[in-house]
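Two complexes follow with chain A in common, the first pairing it with chain B and the second with chain C.
Now for the complex of A and B:
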């Protein structure tokens, strides 16, 4: 009896350790949750003074040479007042800015900033004047009507970007880039801001839902292979003609040579 | 002097050689080639490996019938592929698999058959060389004379040369005969309308609202921000029951807004735009492709078919390419509610040249 009672009353030797561990996990977890909450808030809060300050520092260090100390524009770069967060997120987020060199158009290259820095830059520029904002996730996740998107794409986009989004040439060294591996957010931002020589497609021209449908169509083309077999770059008669003239005619010539050669 | 001597000697040598061969060369021949090319005849018959080595011959036979069996296999596979990869679902990927495997089977069947036949002929069939002498193309003098006689006799009997009025009227009748077929082409054009006015006018009228393609929603001037490009159809196009595509093909318009300061307008077209908003026909004046590759900073419009370029800032004049005329401009204004409307139809025919317009 006594012994049993003593046993029940006695704590396990590891109980203290367990308690300590539980306590640590709780505090740590709570801290992590809290701090994650605050950073998430800071990232999402486009008007937070801290974000804008960080963005301003980044801007003055990386962009001011061409765009001016307060983004008012210089001879070498346009004013960014009123271009909105979407324009910055597109240009910096795809690596087009900071620009490598002056040329017919800014080329894509590895992104120079972290996602957070891109957002900070974007919200700093957005704070200078009203402009299009970074779109909500539900508009860019590809959950729309691909058939409607395809029709709109053929009317508004396919003449430059190719009907399968393979891109195409423009005048004097400019080109419409392929859309085969562009994220939904960047496609949306390109439509609302009109980067480089691309025309602007504002929400009154193509509504946000229609833009979502266009992104859905492009995602569909990205995810589904062509039913016609080899796409050869989806470039149409140039690539297909080159292929058939070289390989098709080549095979015919080779067979002809074989038929007429004397057997050894 | 030495040179003179030399040339004298050469002449003398040439003279003597000429004299030596005078019998077998014409007097005009200056040089007689001594080593004339001799007909080498046919090359010696070279036996094939399959003629000399019975094992190789066996192997060639095996190859041939294996190819024919492969062909059978390919045909059967094409039948099996039709059943194994049906195009019954709505997934376009099925079409690819179906076509790919049926095609592979059919290609194997035909290729193996053809290669087998050629290989049979080349390495197993008897190897005998035959000479087929060419016969002269022209007939014998008697045949030729007979043919000429047929012609002269029939000419004499019919009087084809003598009776020139009959002959000429016959030629005239034959020439005129195809004319009805040419005239019948008129039937390809719409019957109740003349083709020229049809090509010269579009659906645009005074007051027609500019509407979005494809929804048909009217466009307000305030919707068109600077740098925008709108693909435009006339309002009411979607309500047409007949000829909707024909009308769209003529009336398609590209609407752009530029900085008014960048727009260099012709004096007589000053009121054709609205606050930097301009509307131009989308149909290329070269061969009628839709010109819609608009660059918002350079204001170039590029036609994708033959690379004609038009400068939107300078009343769409041609700056490059085979097009000869600028794109026709649609005069626009706004109505009481702020919607963009056409002031009139295009003032010139849109699109490529035709008989009455060039």
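Now for the complex of A and C:
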């Protein structure tokens, strides 16, 4: 009896701990489940709200001198209403903006902001009016058809950027930059936004899949060095001619001098 | 010996002797070898430049033969199915596909292709440098005028060889090059369009051109090049080699090691060095990456599209023409943007080809010359050469105007205008500067011969005066500085009927222009009196 009572009345030494644990897990789990829902909501809100606010602050501190306090444009810089997040991500993400100086075109330089700040600026500008968005990863990761991309690149891009993406000259000091170390996202954004002197290649002109193929080709060229040896800048016959005159013939003339030198 | 019985005579001879005798008894080659083997060849590095061209041509022949085993000169359409991924499935001509196969799927193919192309660039470059050496040392003078013409023809043939080869792979770059040729031909009035149709077998690009260029590239042009090289070398043997002035060197002799054995050994070794340098370059440096350019398609043109360097001057001439030189007149299009550069280059080529005869006519010099001039001792010729080089270099640089603009942060327009100035004004500036520099160098030579060179030793005389001691030249050095010819301008003489013709006056004025400013070499008399006033 006593034993029974004791047995029934007796709690296992760990029961309290177990109960506590269960209680904690339950409440914690419920809290976590609930709060996960609420925080996700809150973060999405802050993407549109907090991020845009941050972006606006950055914009007013770094860009407003030329583009105006609310990106409406001034005499020295165009309006950014409707250029989209892609344009900002390209210009700021490659270091072209903020611009170092006025010139034939904005020069690339070390990027001035963190990735987060670039995105904040991009979403702030995107909030001002609809425009092209930053592309999805599957379009820019180089998983397309390189042969189709190469053909499209030769037809649409090579006249300025050179068949191997080595860059080329335009009029009045402008130029098409080399594409040898540009990321897929930035190539895509350049095609849809037409930065500097580049034309816009919209989705009717070159479909998103074709753009992906072009990026695939450029990635192939970036990742696979020339099978023939050093590329000499991929500049074509000019580099080859200079090389043979200076190093080829130069070396051989040095050898002729050696051959005909009088022995001491 | 010949009367002795063969069984007793032969055992005494070594194997080589027996072999030589065996061959000689059947060919009588001994006289020829003796004559040729004893020919002396003066030793100077600049005399080897022609050999560089010859040896690169041998490399071109060897590598080119390899390529003919695999290249197919057909413009039939195929879908590429080789191992280069970014061209898989792309439609292209058999010529392009077989060139890609040589590059990616045939063992050693890319190496040989690159060696062929690099050797071609070196071939033409070596000819160019060799011609400059001949020009600036006056080695084209009598009796070598024909050999200058033969050599210059070889230069033109080499360019034709190069251009036809550049056009064979049927890639984007070669198609763009052919399109420019097509445009040039079509720009010629009256016959242009018909000639273009004749060349391409119909409208550009047609399906004929690669096959036609291939016949030219591997049969007709190489045969001509070989024939002209043979002729060129025969004349070198006939005339003897020129040599620089020096003690013991006269117009009647040639001082240097004999061809056999010394010179032949050196030249043989030199061939392998050239072969080695080209192999090294071909193994390490990409040339003409046709896989980047892709198959020819008339619509795309890549940035940085240029011909190989030796056609660059012609491309540059086209680029330098200002806009608006094409107009419609009499219901026809007149393309002076094409005709002017064609005519300018044509005149330039004829002037270079005929230069030995022009100079001979102006100087009236009918003697033979076997001693090479130092460039400073023919100031006007050297200055004309510098002007020609400037003109050519300006055109050449213009072919890379876009690369100049991007790499030196210039505007394209600025580059073009600057090069227009270089091509038109540059030759005159180069002429005057070079002539003055030559004359100044001659004056310095004269000074050194008369007063010796500055020793750097300062001596104080008893009277307190400081002088620098001038050391006299030794006779060998002096010989080099005083043995050159000085010309006086031609005198105008009346002809048989006692008249001075306009032609005579023109010739005399040219001669005055050539020789008016001149420094005569130090004479023996001057030298002796010079010794008297020696410090």
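Note that in this section the second predicted complex is superposed on the first by the 215 of 264 C-alpha atoms of A that agree within 3 Å, B and C clash if a C-alpha of one lies under 4 Å from a C-alpha of the other, contacts with A are read in each partner's own complex, and residues count from 1 in each chain.
Just so it is clear, a residue touches a chain if its C-beta (ideal position, glycine included) is under 8 Å from a C-beta of that chain, and two chains touch if they have at least 3 such contacts.
Everything numeric here is computed off the predicted structure, so don't read it as measured data.
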(message) Let's test your reading of the overlay: on chain A, do chain B and chain C clash or fit side by side?
(response) clash
(request) Go through the superposed model and pick first if A:143 touches only chain B, second if only chain C, both, or neither. (result) neither
(message) In the overlaid three-chain picture, which partner chain does A:196 touch, first (chain B) or second (chain C), both, or neither?
(response) first
(message) Just checking: does A:249 make contact with chain B only, chain C only, both, or neither of them? Give me first, second, both or neither.
(response) second
(message) Looking only at contacts as defined up top, I'd like to know whether chain B or chain C touches more of chain A.
(response) C
(request) Based on the superposed arrangement, let me know which partner A:172 touches: chain B (first), chain C (second), both, or neither? (result) both
(message) I'd like to know which partner A:235 touches here: chain B for first, chain C for second, both or neither.
(response) second
(message) Per the contact definition in the header, classify A:160: touching chain B only (first), chain C only (second), both, or neither.
(response) both
(request) Answer with first, second, both or neither: which of chain B and chain C does A:204 touch in the superposed model? (result) first
(request) Have a look at where A:73 lands relative to chain B and chain C in the superposition and call it first, second, both or neither. (result) neither
(request) Mind working out whether A:257 is in touch with chain B, chain C, both or neither, as first, second, both or neither? (result) second
(request) Just name the clashing stretch of chain C against chain B, choosing from 60-68, 186-194 or 510-518. (result) 186-194
(message) Considering only the contact definition stated at the top, list the common interface residues of chain A for chain B and chain C.
(response) 151, 155, 159-160, 168, 170-172, 176, 226-229, 259
(message) List the residues on chain B that touch chain A in their complex, please.
(response) 46, 48-50, 92-93, 95-96, 99-100, 118, 122-123, 127, 212-214, 219-220, 223-231, 256, 290, 292-298, 300, 302, 304, 309, 320
(message) Could you list, by residue number, the parts of chain A that touch chain C in their complex?
(response) 104, 146-147, 149-151, 154-155, 158-164, 166-173, 175-176, 217, 220-221, 226-232, 234-245, 247-249, 251-253, 255-257, 259-260
(request) In the complex, go through chain C and note every residue touching chain A. (result) 43-49, 52, 85-90, 103-104, 110, 114, 118, 121-122, 125-126, 129, 172-173, 266, 269-270, 273-274, 277-278, 281, 283-289, 291-294, 297, 299-309, 312, 399-403, 405-406, 409-414
(message) For the complex, give me every residue of chain A touching chain B.
(response) 151-152, 155-156, 159-160, 168, 170-172, 174, 176, 194, 196-202, 204-205, 224-229, 258-259, 262-264
